[in-house]
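Below you will find the structure I want to go over with you.
When the chains are written out, they are named A, B, C and D in that same order, and each has its own residue count from 1.
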Amino acid sequence: MTSTGHDVNSDALVQSPDSKHPANLICSLCRQFYGHGWVTGTGGGVSIRHDKHIFLAPSGVEKELMQPEHIFVMDYASREYIRRPLALKSSACTPLFLAAFTLRGAGCCIHTHSQWAVLVTLLCEAGMQGRKGVFEISQIEQIKGISRGGTGSTEIAEGGRKLGNLSYFDTMRIPIIENTAHEEDLKESLEKAMLEWPETCAVLVRRHGVYVWGKDVTQAKTQAESLDYLFQLAVEMHKLGLKWT
Amino acid sequence: MTSTGHDVNSDALVQSPDSKHPANLICSLCRQFYGHGWVTGTGGGVSIRHDKHIFLAPSGVEKELMQPEHIFVMDYASREYIRRPLALKSSACTPLFLAAFTLRGAGCCIHTHSQWAVLVTLLCEAGMQGRKGVFEISQIEQIKGISRGGTGSTEIAEGGRKLGNLSYFDTMRIPIIENTAHEEDLKESLEKAMLEWPETCAVLVRRHGVYVWGKDVTQAKTQAESLDYLFQLAVEMHKLGLKWT
Amino acid sequence: MTSTGHDVNSDALVQSPDSKHPANLICSLCRQFYGHGWVTGTGGGVSIRHDKHIFLAPSGVEKELMQPEHIFVMDYASREYIRRPLALKSSACTPLFLAAFTLRGAGCCIHTHSQWAVLVTLLCEAGMQGRKGVFEISQIEQIKGISRGGTGSTEIAEGGRKLGNLSYFDTMRIPIIENTAHEEDLKESLEKAMLEWPETCAVLVRRHGVYVWGKDVTQAKTQAESLDYLFQLAVEMHKLGLKWT
Amino acid sequence: MTSTGHDVNSDALVQSPDSKHPANLICSLCRQFYGHGWVTGTGGGVSIRHDKHIFLAPSGVEKELMQPEHIFVMDYASREYIRRPLALKSSACTPLFLAAFTLRGAGCCIHTHSQWAVLVTLLCEAGMQGRKGVFEISQIEQIKGISRGGTGSTEIAEGGRKLGNLSYFDTMRIPIIENTAHEEDLKESLEKAMLEWPETCAVLVRRHGVYVWGKDVTQAKTQAESLDYLFQLAVEMHKLGLKWT
């Protein structure tokens, strides 16, 4: 693991007085997500792509206690760790975060175990609302917080497809993939969903949670919030006997 | 946009050590509203009228991270921006806030995407409780936190109409208007609702949220809280099979 | 009002570096209760009896912003205000707090507009659970956090009645009184309930909230918490089709 | 009580500038658990085993106000208190915490009154889901946050039984024991459950709450969080008509 020749514990990569440094941002996001109930019991994760590096929250660390020294750093081109805290395990979400960076040009990817995300996958699975493989909702103002493709970047436009954020009259569709025994085994189906659903900003994982991305931290985070709002609203709507579309 | 001759970035308008300065108040309110789940994913907004100026939270900024330098300032008389942060977009809610200032003499207007507000509009729309175009609730103590007209000002009295706050035995009625594709397009129907419902302190927007105002920040904020309490209580009452009136 | 000869604005009565001073305690309790959703929109209140004085949160002040200079002080013996912030209105709850001090020997009384309290009164009113005039629950561990009479003081024992806290196998009963148009008009029925229900630590007010007391701040506050836990649990039990007793 | 010859108030045992000192950890955990609604009204508790000592939160202290000087310290070998704050009562949970240390080799044990824990015991009792004496759930990702036996230690392996954390396809089973009038009387049935359910990390107490343990503070706390997540999810699933297994 140190055969790469890189300094595996270079603190300079994660120590900065700048609150916008990716290592600091991951820590503040983790604290905030803990408060939302998204990363209970060390679940979930966050990754930021910055310049040539990928910054990753580790596995098994309490999210509200995350510190910059816990952060892993990977070289994006070579996929090799250039900082790897020896006492910690890298996140099993890593290949999934990389999928968002590679296939969508994302700059940040967030994984939550939000109960609202899990509950909408269960309602879809049971055929109670939506469809088995997709969560659908329409005509709710908060849908406008969601960008096509997740990053809303012009680069991904093709064939005259519309860009930018969804409008109020659009139906938001988030694909749902099956969960697997090991998180890293989600890679193939997550990548498949990204390719088959070019307009989605997220992939739900049945009985597990959601992956959401954006071109940068702000877009990924605000989209994660808007989606979670929509998941929670959908569950409450179902309790009240209201249809999602 | 700079053709007005005004200094579009005058920091002096928003920089003050006084925590009661409108620019500071907007920031602290936004943080607080984020904690309530009212302004998830950059949704919602706040505006304060102070002397000859209108202070406005911008579009697209994470509400819990709002800083005074993000605040837009408009001259109330001319409706021209006298401070306009170049990197930011003005809020699409601006014409709606202006309606509250102009038609109601409000000093502060708050717009939230509270899920409870959205859910009561859905229940009314479905004919499950209330009426299609109006949310009604009566005999709940918290109704006493709501003033007639939203500002309770004597100026709006006419024809011997009662002033001051609602009493426990009054029925509170909040009109519900249809949502539109673009927020600014709500202006006409919001103004119409304000004129047709002179006693309301707020207008609900179906599948979207609520606009609430008051003569000053304290009244607008405490009315927004009392209303949200009533919306949440109404949803819980409906789940338990209890009638609102 | 100043005819009493007392200094109506004596700051010394409410200014202290001691965090346990009643004026400081009222402020910290109000902030905490705001976080619980108990005092939304300036609703609810708190009062502490200390030595010969009664300290009272004022009417109409945002609870999370309460400062010692906002606190009213009354002389317990004469019932005259010895500190009365001129810009503020005294709390309409004052006669109700006094009832707890006088009839129960309480040292602190808390009034909340908790939605859980309101919802259990609605369920009892509708005959869905409990009885019309009383909330009843049994065999829940948290009942053990409730003292007989509210203060658990030996002074109130008579006729061999048991003292101390309720046990797991006791049924907790909290009387429910009707709401009135004006808060001060609750005085008579609240006092009547206190006399008729010598074991209760609280009185529920239909469609309004709850008054809870204790021999000191700690007991009043922890009983308010235990009761609110039981009210919330009762509402959730009802949603799940479970009986309270 | 002081006949043991030990210094019953040795402050050195609980005063440390190190935030990881057990006395400091108990205080920060108690504040955090208060925020989760796990230790309302002084309910619940925490204990840490460290070297030859057991550190215990006392009875009757508001958890969010807990200070190191409130902490009891017991000598693990002799079971005698070596620090006992004179004004406080020791926790009635003490024999139950000791069971986790003795029978499971735990380093930390947490007791909560979480409403979600109480509600799942009520649903099981009523035969609505699960089985009368056991809470069961399967195929939810968060189950992977739970270790076999609670500590995942190799010491408890026998007969080729699997070790480590549960996998996604395992069914998590948490035994439910009956509540008793006095907390200390739970000792026998809790120990029996620990012996009969070697894979459990926790024991639910009907109409009361849950005991959760781990080899250290981090494992006990993250397992308490994962369990509470699963209890809450289970209650929400039941409301939506979804089965737990």
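Criterion: a contact is a pair of C-beta atoms (placed from the backbone, for glycine too) under 8 Å apart; a residue touches a chain by one contact, two chains touch by 3 or more.
It should be emphasised that the depicted structure is a prediction, and the values quoted were computed from it without experimental measurement.
Colleague: Which chain's mean C-alpha position is the greatest distance from chain B's?
Modeller: D
Colleague: Roughly how far is chain A from chain C, centre to centre by C-alpha average, rounded to an integer in Å?
Modeller: That pair's centroid distance is 45 Å.
Colleague: Let me have the rounded angstrom distance from the C-alpha centre of chain A over to the C-alpha centre of chain D, please.
Modeller: Whole-Å distance between the two chain centres: 32.
Colleague: Residues of chain A that contact two or more other chains, please.
Modeller: Those would be 239.
Colleague: Assign the assembly's chain-to-chain touch graph to one of these shapes: line, ring, star, complete, other.
Modeller: Here the contact pattern is a ring, one closed loop where every chain has two partners.
Colleague: Could you pull out which chain D residues touch chain C in their complex?
Modeller: So the residues of chain D touching chain C come out as 37, 40-43, 62, 113, 115, 118-119, 122-123, 126, 128, 179-181, 205, 207-209, 235, 238-239.
Colleague: Name, in rising order, each residue of chain B that touches chain C in their complex.
Modeller: 139-142, 145, 167-169, 218, 221-223, 225-226, 228-229, 232-233, 236-237, 239-242
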